[in-house]
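What follows are several structures.
After this come two complexes, each holding chain A, first together with chain B and then together with chain C.
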Partner chain A sequence: MRQSRVYPYLLLAPAFFLMFAVTLYPTLYSLYLSLNKIEKGRMTFIGLKNFQTILGSSDFWESLRLTLIFGFFYITLTLAFAFVMALLFNRGLRFGGIYMTLIFIPWVLSDIVSGVVWRWMFYRDYGVLQNLIGPLFGDKTLINTPAGAMGIVVAASTWRAMAYVMLLLLAGLQTIPRDVYEAGAIDGSTGWQAFWHLTWPLIRPVTLVVIVLLSIESINAIGMFLAITEGGPGRSTEVLSLHMWREALQFFHFGYGAALAVVMFFINLVLGVVYLRFMQTESSLGAA
Partner chain B sequence: MKRVFALLSLLVALSLMGACGATPEPQTIIQTVEVEKVVTKEVEKVVTKEVEKPVEVRVTVEVPVEAKVNPIVMWASYDLTDESNPPSVTLRQTIATFEATTGIKVQYEQVAWDQLATKLAVQAQSGGDMPDVVETSSQHALALINAGALMDITDMAASSPWIDQINSSEAQACVIQGARYCVAADIRGGAWYYNTADFPNGWPATIEGWLTEGERLKSQNKYISTFFAGRHYGAVELTWGPWFYSNGGSIFDETGKPDWASEQNVQVVETMRELLARGYIPETCFTGDFTAGETPWVDGTAASVRGGSWSFLFIPGLKEKIEAGETQLGVAPSFSTGKNYVFLVGEGWGIAEGAKNPQGGMAWINFFMNPQILAQWASQHYGIPTIDEAFKASAFDSDFYRATARNLSENGIFIEASQYYVESMTKLAETLQELMLNPDMDIMKALQKAQDEIINRYFK
Partner chain C sequence: MTIAGKRIKVQGLVINLVLLTTSLIFIFPVFYAVMTSFREPGYGLTREIIPKVWFFGNYERLFHYGRFPRYVLNSTINALGGSLLTCLTASLAGYSFARFRFRGRGFLMAFVLAMMMLPALTNLIPLYKLASDLKLLNTYPLMITIFGAYGVPLSIWIMKGFFDSIPVSLEEAAAIDGATPLGTFFRVVLPISAPGLLATFLINFVFNWNNFIMPLFMLTRSEMKMATVGLFDFQHALEGNQDELLAAACVVIMTPAIVLFIALRKYFLQGMVEGAVKG
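Then we have the complex of A and B:
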């Protein structure tokens, strides 16, 4: 009896050890690091000074503002396009498999590879898209303007994430039983009414999951920014994660960089809690 | 609760960094022996890439006994298996000769050039195993010292055979606040290359000349020049810094604080805005990366390019055009002081803080700072060796090297030192990029704001 109570823990031990080694320890170490300053190789405990510096830093607030702007457009556009595509695929398309494969290509490419291609497409003298779209914006080099650079990163990120989000939404759509729509049709629901009163309520939990995933992704986004703008022009696309990367790995301010990572961690945590609240509300509504 | 735990685990997995490792015990010198050995070594001729007859390299290296016990770990950016790259071949041969001469084995690790400083700093911070000797540039020295990654080798170097032979530029590159943190094997610097056919009136050495020639070349649908002046701090080192100095401005004051908001610096930005607005220089200079800044010259739309003495290695067609006499080395445009400044950088070796075998690392540096090895190495990088005797080698017997050496010695300038060099220079580069791309921005206000931000964060 005693042996059987210990046995599950023994089985869990390797996984727990692995989790501790690769997840918990680095996190705790980062927390510790965020309370220190490293200068000339010496680590000095400075308490919450790094966080104080962060809160007083205009660079931090500017990066946070840029992250929120990026997140808003990225999440909205990705969801909108992915939703439309998921609805189309759910209705059944001719050559759907081919379209699906094509749409999935960006998702399997790395951030850096697709980002570099996007950057090239917006070079002034050689960029294909710059030459097509540039004239619509007074022949400005879009990637050289703050709004244009952010727009390009949003477009590239949306283009890349769309397929994955579409797949999640499509999976949600396909769980809706046909007879729900048939019952709606008997009650005289039109296409829009069917979407608004049947499809949307049933797919809302999946959409919430997607929103939380995209939110966390937008807070942590770095690859596309590095590959396309590197944070420029000026600091106009230096989002939080890029700001952290530069502080830690370009300026070697490891303590300050770790403090920024902790701040990002808490932002993600808040998003997670909001998501859980939503889910609980959804569950209780469903149960009622 | 399970959900909270699951979510926490997910968030935790998305975050942060960390590593662990043991800090090596310092070693003490027990005994010093002198090893003298004559070795035969093949030396490739640099410019022609033809293999010369094997030459005798007589090397005297003092190697402490305990340094011979352990191998040395070396980090450098060269692929030792690359037979087509002369510096790789030279390094491989030099390592073999070093091992044969001193009995110290070399454990070589290739690290990409742009990752060397980062990897070294991260390794130092995390307490990981440090290399004994590492390829180092004076550009990164200050940041690495701040990260505790470079060892103060003043005492070890004091008794080195090369210490009395190196020139003053080397000390400027590697001696910081009286302490030596690296040893520069060669000095490289910024260089302007122009197509002779595009400048029938000769190369304009002043900024006023640029405005005149810029107008003439524009009528031929050509930019007068192209260069990198983007948001990387290298843009300040290579492009903006020398221009500010030439106009009587500066980047850091004597205490290392930013000194950007000056009329002299504003005038330089105004002039560059004028050149850009008139279409004399391409916008790519301020927006692209290092390569993008050179592209207009490669594709023939720019009549000159600012690179470095090393540009033969990176700009396609440059070497061929120089050899054919179609392209020549010019000087940087001068501003109000009349000086044609170019940026200098020292490239060489350093010993990592926490190295297990620093004496072995020093033995490598002593071995490497031999005039014959230095000549071969420096010429393959199109740099000027830091020991003058090495510059007498036949590899440097060309108009290019004579002109380069003259240019660097007459016009070369190191950026002033600052404890927060990279942070400050990056901020300045970003601000200058914004100023160039947004002509409505007030130059003085922007420079003042950037300067104040750096001072408030780091110097108060």
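Then we have the complex of A and C:
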């Protein structure tokens, strides 16, 4: 390794300048914006009033509640599905690569494209899935019911994220040495016991990382909601991200929108700190 | 064959069957969009999945519909420009982290990781306000700079990984021959890591191309819109009456992403795992 004084910093400068200007500075600027009322481009300092309004707004609490509901089902479903798939892929199959590629395709589609297609599949009278699943729910047009609309976004988001989560879990599974199982087999442990006592403790750290990643994603999810429900029917799927979008781009309440963004940012920050914690414990396990 | 051997074989068959079914279900929406794009005008949504009468003219119709070609051009310019900016800056930074030990290195690497965690969503409003104050809304430089910056953190990690895998001895030899550090970087290191750099470029291209929420805020004038936002507008205008046209637009937008992913899946998957877990 070479030692140098200025050179390494010079190489870092352009990248760090970009991150400062486009990522860090706006984040700090949003803290400032959130203390202002912004109307027709004019800013008036109003202190913490926006946050008072937010905390007193039933729309805010309702959208937070919807975000939590979405997050709960999205995370649970994605994780459960991805877990099963990761265990199957971990068998080292002959066509594993082809299956993996196919399952990954939803993940490389734009959220807006995915949303348009999923909306079609639940279109009244014609949608493929509407006709398949609708009869189970009394032939209602699912997308027009609050629970149905949320369920469709959960399903579409799970469909898109599953492969990625599966890959992370698989990477965790593959770090487990084979001889751990062989030792287990000698001791006479069955498949389920082997999973519970050998596999699970070793991939628990990865699982925690994935849960936090998915939580962050569920708070910031917006594209699918815009394409599939746009908050409807009524406001029954207006999650936090949509609430912010609506306040900013439809009502032009930029100060209030920025304050909402700050609240969401702090939720992200808490999750981010938890995430880094889990990663640290994981890498210290890896080093041990 | 032993009983145990048979059991393993049957088990393998079942697993294959489960994975095959899941794979087919997972790509069904793509198939559905492609099929819909081949229906006759006005017959976009019907009960059958495969069209009874095939019509191949929707892509040509789309070419004349609204400003679609312009949207695609805008997407291409913004996505390529952003990728280029990301790769230029991230490869230099990745090289610095891979090859030098300097004061603050650990902190700066943690900073990059933290930047990766900063959500783009909560930055939309301040970025919009800043861009509007600077009279940069609805311009290519704005979108290119934003895309460029958002790609940087992950790309630094990916590029650092590539540089770590190149033996230092090559650069030492070049240094002995009297090459300057920057000369060594451009003449020795970059050519060797060209495949990795190209992959990073294309991964970023796909992310930028797919991005919807950033251009939704930053590019509102019709002639500056990107294809993803155009698709959102089309959805409002066409759903329920000209779905075949809407489907053709979906297919045009998804094709580059799918093709690049299949061609570069190894790099994509590796980059994703590294970005999330290794850190």
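By definition in this document, the second predicted complex is superposed on the first by the 255 of 288 C-alpha atoms of A that agree within 3 Å, B and C clash if a C-alpha of one lies under 4 Å from a C-alpha of the other, contacts with A are read in each partner's own complex, and residues count from 1 in each chain.
Rule of thumb we're sticking to: a contact is a pair of C-beta atoms (placed from the backbone, for glycine too) under 8 Å apart; a residue touches a chain by one contact, two chains touch by 3 or more.
Keep in mind that this is a model prediction, so the values were computed, not measured.
Model built by superposing both complexes on chain A: chain B and chain C clash. Touched residues of chain A, counted separately for chain B and chain C, are more numerous for C.
Contact with chain B, but none with chain C, is seen for A:E39 once the two complexes are overlaid on the shared chain. Looking at the shared chain after the overlay, A:N220 reaches both chain B and chain C. In the overlay built on the shared chain, the residue A:L109 is in contact with chain C alone; chain B does not reach it.
When the two complexes are overlaid on their common chain A, residue A:Y29 makes contact with chain B and with chain C alike.
By the touch criterion defined above, A:L12 reaches chain C but does not reach chain B. In the superposition on chain A, contact is made by A:I143 with chain B only, not with chain C. In the superposed model, A:G232 makes contact with chain B only, not with chain C. Shared-chain residue A:S58: touches chain B; no touch with chain C. Look at A:F265: by the touch rule set out above, it reaches both chain B and chain C.
After superposing the two complexes on chain A, the stretch of chain B that clashes with chain C is 127-135, out of 37-45, 91-99, 127-135 or 379-387. Taken together, the two complexes place residues 19, 23-27, 29-30, 33, 38, 41, 123, 216, 220, 248-249, 254, 258, 261-262, 264-265, 268, 272, 275-276, 279 of chain A in contact with chain B and also with chain C.
By the touch criterion given at the top, residues 3-4, 7-19, 118, 121-122, 124-125, 143-149, 230-231, 282-284, 286-288, 292, 296, 301, 353, 422-423, 426, 430-431, 433-434, 437, 453, 457 of chain B touch chain A in their complex.
Remark: chain A residues 1-5, 7-9, 11-12, 14-16, 18-19, 21-27, 29-30, 33, 38, 41, 85, 88-89, 91, 93, 95-96, 98-106, 108-114, 116-121, 123, 126-128, 131, 159, 162-164, 167-168, 171-172, 206, 209, 213, 216, 219-220, 222-223, 226-227, 241, 244-245, 248-249, 254, 257-258, 261-262, 264-265, 268, 272, 275-276, 279, 282-283 touch chain C in the complex.
The touching residues of chain A, when paired with chain B in their complex, are 19, 23-27, 29-30, 33, 38-42, 53, 57-59, 123-125, 141, 143-145, 216, 220, 230-236, 246, 248-252, 254, 258, 261-262, 264-265, 268-269, 272, 275-276, 279.
The touching residues of chain C, when paired with chain A in their complex, are 12, 15-16, 18-20, 22-24, 26-27, 29-30, 32-33, 36, 45-47, 49, 85, 88-90, 92-93, 95-97, 99-102, 105, 108, 111-115, 117-130, 132, 145-146, 148-150, 152-153, 156, 168, 181, 206, 209-213, 216-217, 228-229, 231-232, 235, 239-240, 243, 246, 250, 253-254, 257-258, 260-262, 265, 268-269, 272-273, 276-277, 279.
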